[in-house]
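The following pair of complexes shares a single chain, chain A, combined with chain B in the former and chain C in the latter.
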Partner chain A sequence: MRGRRWEALLWLGPSLALIAGVVFYPAVALVRASLGRYSITGVFQGFVGTENYTRLLEQPALPTVLANTAVWVAAVVGVTMVVSLGLAQLLNQAFPGRWLVRAALIVPWAASLIMTSKLFVWIYDYYFGALNHLLTSLGLLAQPVDWLGEDSTVMAAMIAVGIFVSLPFTTYVLLAGLAGIPGEVYEAARVDGASTWTAYRLVTLPLLKPALLVAVVLNIIYVFNSFPIVWTLNDRNPGFGHDTMITYMYKIAFKSALRDVGLAAALGVVNVALILVAVVVYLRTVRWEEAGA
Partner chain B sequence: MTRRVVLSAAGFVLACGVLAPYVVMLLTALKPDAELRTTPPRLLPLHWRPGNFLEVVTDPGFQDWLSVSLVVAAASTAIVVLAAAPAAYYTARHRFRGRTAFLFVVLVTQMFSPTALVVGLYREFFELDLVNTYAALILTNAAFNLAFAIWILRAFFASIPREVEEAAAVDGCGRLGALVRVVLPLSLPGLVTAVIFAFIAAWNEYIVALTLMTAPERKPLTVGITSYVTAYVQHWNHLFAASVIAIVPVVVLFALIERHLVGGLTAGSVK
Partner chain C sequence: MRRDRLEATLRRLAGLLAVVAVAAALVAACDRGSSGGPSITVVIAEYSKDHTRPFWQALAEQYTKQGGGKVDLRIIDWNSIDQQVSTMIQNNQPPDVLNLNSFSSYARDGLLYPADDVLSPATKTDFLESFARGGQYKGTLYGLPILSSARAFFYNKDLFAKAGLAAPPKTWDELVQAAKKVQALGGGAIGYALPLGPEEAQAEWAIWMWNGGGDWKAGDAWAINSEANVRTLTFLADLANRHRVTQVNPGKSNRTDGAFQLFKDGKVGMVIGFSPLARQLDAERKVDYGVAEMPTSLAKPVTLGVEDYLMAFKKKDNREAVKKFLDLYYQPDNITKWITAEGFLPVTKSGLERMRADATLKPYLDALPNARLVPTTDPAWDRVKLDVQQNLGLAVQPGGNPKQVLDQLQRNAVAAAAAR
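Let's turn to the complex of A and B:
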């Protein structure tokens, strides 16, 4: 038995070492940094207890950043789910050219997020962007809009890109869920005289619930963690008016004049704690012990 | 019949909508400098300029970023496979104390992108004096792409009947021989999926590279190409030519593993 224990360690060792060194240790380093004070060049100057957390609560930008994060996550995940339900329903039908649509959907998923974000900076451009030209030509806009410069449109412009890149994964998860629903269920519903919409509402949606929950929770984690879109599209705007908790943390640590490691780490710990809550919800959702073990 | 036509039309509109931004990317990459700033903007170039692509691939900066991306993605993928394969095999074949705990830890790491931990990661590599080194970026990518590979490989290993493997071991292969000569070839689709996924994830990684790789010749493509468009220079055509070069191979590879992606990303919860 003792031999078996060592055997397991041998096979799992490389994975455990990687996780311990590059996931677990940075988490510890993050917590430790949140309790310390650092010089502007990053040199540790001693522990300060919970001072960084108190200072975090006093940051004038914090309420705005929290509200931005809530809007960003709720809007991207909510709209992505609704649109993906429609897309999955469409792609679950057989029709000529379906492979082409599935292939097209791969592109925003596979492409680097930073490159897609730069692309949208160009498309949203006030003078030379395709969007203003398209909308004014169609008569939908009287005047061009500075999508990424106006306070009233920046968040919506970023949310649109967030939805665009979240659709492929979500649609594919829901497609996998739809594929698991046997055709006989629909036969039975049709025999019972249910309309298409009634059958969808009363048969498909309940059976799709596990896939829907998985997609919602994973999307919440992904979108909360999302960095390149907000980082790139909000690049022009000074201050923290359109930042999420993730980009705010990054600016405090690495970009703004603050360069405040302790403060950024305190926010980082809060971010990690929020993700952990979502992970617990996810594990409950998939009842992973039954599914995985 | 009409139903199929309506569905095809809807599918066509959808595909065009999804691809439209990337068409703008490609067409902008083919415009000469002078045509980037025309009002009203034109979709098609007046003078097609495929030479932009040549200028990008012969740019020494681009060559540096490309080689960093290739080295980091290839090395981290190799580490992922070497670490994940034995762990996936052992947890698929054996029940032992700590197995559930191990799989739990793997699942939790999959949920964590390095983004939330980036301040901690920077502290770690700063203290180890590994900022601006390949090692730091390679190890970070390997650790965060490990979970997907373990999950995919485990499913493939578990689907191979024990008897096949035992027969090979009896035939004189030995246990390790049976693993290398029988199990691995049979799980080749899983191995290919894990390799492609880990490579693309590292290829596309941005925030850790942005944070750790500040020396110009140590930047990967995702970070490097942003220097084509700054407050001082706006070479959108070069930025997008470089982007097209980075995106096209990745899309092709991704399409190859599309069937297995959802299972690996949702960790066995959606069949």
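Let's turn to the complex of A and C:
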């Protein structure tokens, strides 16, 4: 019997090594870096305890960045969920060409985020962008708008791109959930005299709860961690006024006058804690243990 | 029964083959180095997509053929080079030779060889005076000049003719008048394209600042928020918000995809450019442009000279290899070939002689003696530069406060100078 355990370890070995190397080691290195002081060149200069964390709390840009992140995650996840519910419902019906629409829906998800973001930077451009050209030709806009330059429109422009790239994944998860609902349930609801909207509200949504849960949790994590969209679209803007926690962390490490790897690592640890707390709170709120019962 | 045993044997054989293949791949992937000497890592910034890699690839091959070791050449674009070099150093894997636009922080951390250790005396004396001085940290040359550029004032001759302007402006008042006239032409015309976005805000600002009579420092102390500088930044904010003769949101537009692109499209009356822009304009032949001196509020116009550096990192047993590589680059044929291909300016006396023959470079070569450099010899500059890049644009936005922005930059500069 002893031999079986060693054999199991041998088979598990490569996966364990991979997890140790790709997940645990970077996490340990991150915490170690957050406890150290680094020169602007990257040279390690010794451990300083929790000094980086206290300095992080003193950063004047932190409240703005936190607020931006909250708005970014809430808006993208919220709107994506609502639109995806509709899209999944649509793609669940049989209509000619459905396979084409389903395939086309994959494209924003399959395309690299950097490419998509660069594309949108040019679409949103004040002088050369297709959006301004379209809206002014249609007469919907009197003057072109600097979508990525005006403080009032930058967040909305970035959120629109975030929604665009999140829709495919969410729609497919919900589609899978819808496919799992047996047809007899709808028959029973119709027999009981439920209207379409009541049936949707009282039958479909509760039965979709597991899929919704998965989609929301994963989306919160992906959107919070999303770097390319905010980085590329916000690239020309000075200051930290429209950064999220992730791009702020990158700027602290490499682009701002701080150039402080230790401080950025501290923010990295804080980010992980933040997203962990957010996900746990969400799951508690929807009482996930009762889902899928 | 027999088939099962055959399958089992075949499966075991396949497993064995897989293990052997992986082991062989791993062994092959290990860097053995050639017999000529230790292999060196050379990191070069990507100045252009067409010229940088071919030249340095050929140079590396020449180096290996002449008996040097293998060269691990990495061409990295400007947007990511700071981050990648920082990561290399954090991992204790610094390159052997690095090309960057700053050097003094690395010198201060004791990471670099002084020039005397890695350059032949002939090469060292060939550097132009001002550029050699611009590479010194505490009196020793660490940052070896690799190439330079000088900024010049570009104007669109067609737009000027349409606006009835005979000559490019020489003073700031003339500049405002000219910009207003060009802006009044309508049809999307822009008077002066002002790029103060995070890409190179410090370069654009430096030129205006000097021509306004201010400077980064007064003696040894930082003086970013001097009265002259506040006046100058207010002037730029007025260009954007009061006279409205710039492109939209100048604090949020960059040079390459913003101001230069608009000028290349023929939409802009005036912009501050440099020789690579001139080469692109000549190639595209869309804009009839002229090159002039900077408009100034002083007696004599000042322009910005920029030098980039090569530096050699101290590592075990790499001094000879690095010296051989650097000497190869600094041979007058090699260095001049690359600088000419990229459209930049020479940093050596021999290079200057050879490039004088090129007529298109005349305005820049003439400006070179009057060009001032940013204070790259001060390690605090590395932080100040980033601070200016990230924050200066806020001052020229509607509702921006130039004095407040400069005061903040000054505070950060003083703090950076005081810190270790």
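In this text, the second predicted complex is superposed on the first by the 274 of 293 C-alpha atoms of A that agree within 3 Å, B and C clash if a C-alpha of one lies under 4 Å from a C-alpha of the other, contacts with A are read in each partner's own complex, and residues count from 1 in each chain.
Quick note on the criterion: a contact is a pair of C-beta atoms (placed from the backbone, for glycine too) under 8 Å apart; a residue touches a chain by one contact, two chains touch by 3 or more.
No experiment lies behind these values; they were computed from the predicted model shown.
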| item | value |
| --- | --- |
| First (chain B), second (chain C), both or neither touched by A:254 | both |
| First, second, both or neither for A:56, with chain B first and chain C second | neither |
| Touched partner set for A:155, first chain B, second chain C, both or neither | neither |
| Which superposed partner A:76 touches (first chain B, second chain C, both, neither) | neither |
| Which superposed partner A:130 touches (first chain B, second chain C, both, neither) | first |
| First (chain B), second (chain C), both or neither touched by A:14 | first |
| Touched partner set for A:42, first chain B, second chain C, both or neither | both |
| Touched partner set for A:109, first chain B, second chain C, both or neither | first |
| Chain B versus chain C as contact partner of A:238, first or second or both or neither | second |
| Residues of chain A at both interfaces, chain B in one complex, chain C in the other | 33, 42, 127-128, 253-254, 261 |
| Residue ranges of chain B in contact with chain A within the complex | 4, 7-8, 10-12, 14-15, 18-19, 21-22, 24-25, 28, 36-41, 43, 79, 82-84, 86-87, 89-91, 94, 96-100, 102-109, 111-113, 115-124, 126-127, 139-140, 142-144, 146, 150, 200, 203-204, 206-207, 211, 221-223, 225-226, 229, 236, 239-240, 243, 246-247, 250-251, 253-255, 258, 261-263, 265-271 |
| List of chain A residues in touch with chain C within their complex | 33, 38-45, 126-128, 146, 148-150, 235-239, 251, 253-259, 261 |
| Touching residues on chain A, where the partner in the complex is chain B | 4-5, 8, 10-12, 14-19, 21-23, 25-33, 42, 87, 90-91, 93, 95-98, 100-116, 118-120, 122-123, 127-130, 133, 137, 164, 167, 169, 172-173, 175-177, 180, 210-211, 214, 218, 221-222, 225-228, 246, 249-250, 253-254, 261, 264-265, 268, 271-272, 275, 278-279, 282-283, 285-286, 288-289, 291-293 |
| Sites on chain C touched by chain A in the complex | 82-83, 85-90, 105-106, 109, 111, 188, 196-199, 201, 247-249, 251-254, 258, 261-262, 267, 379, 382-384, 386-387, 389-394, 412, 416, 420 |
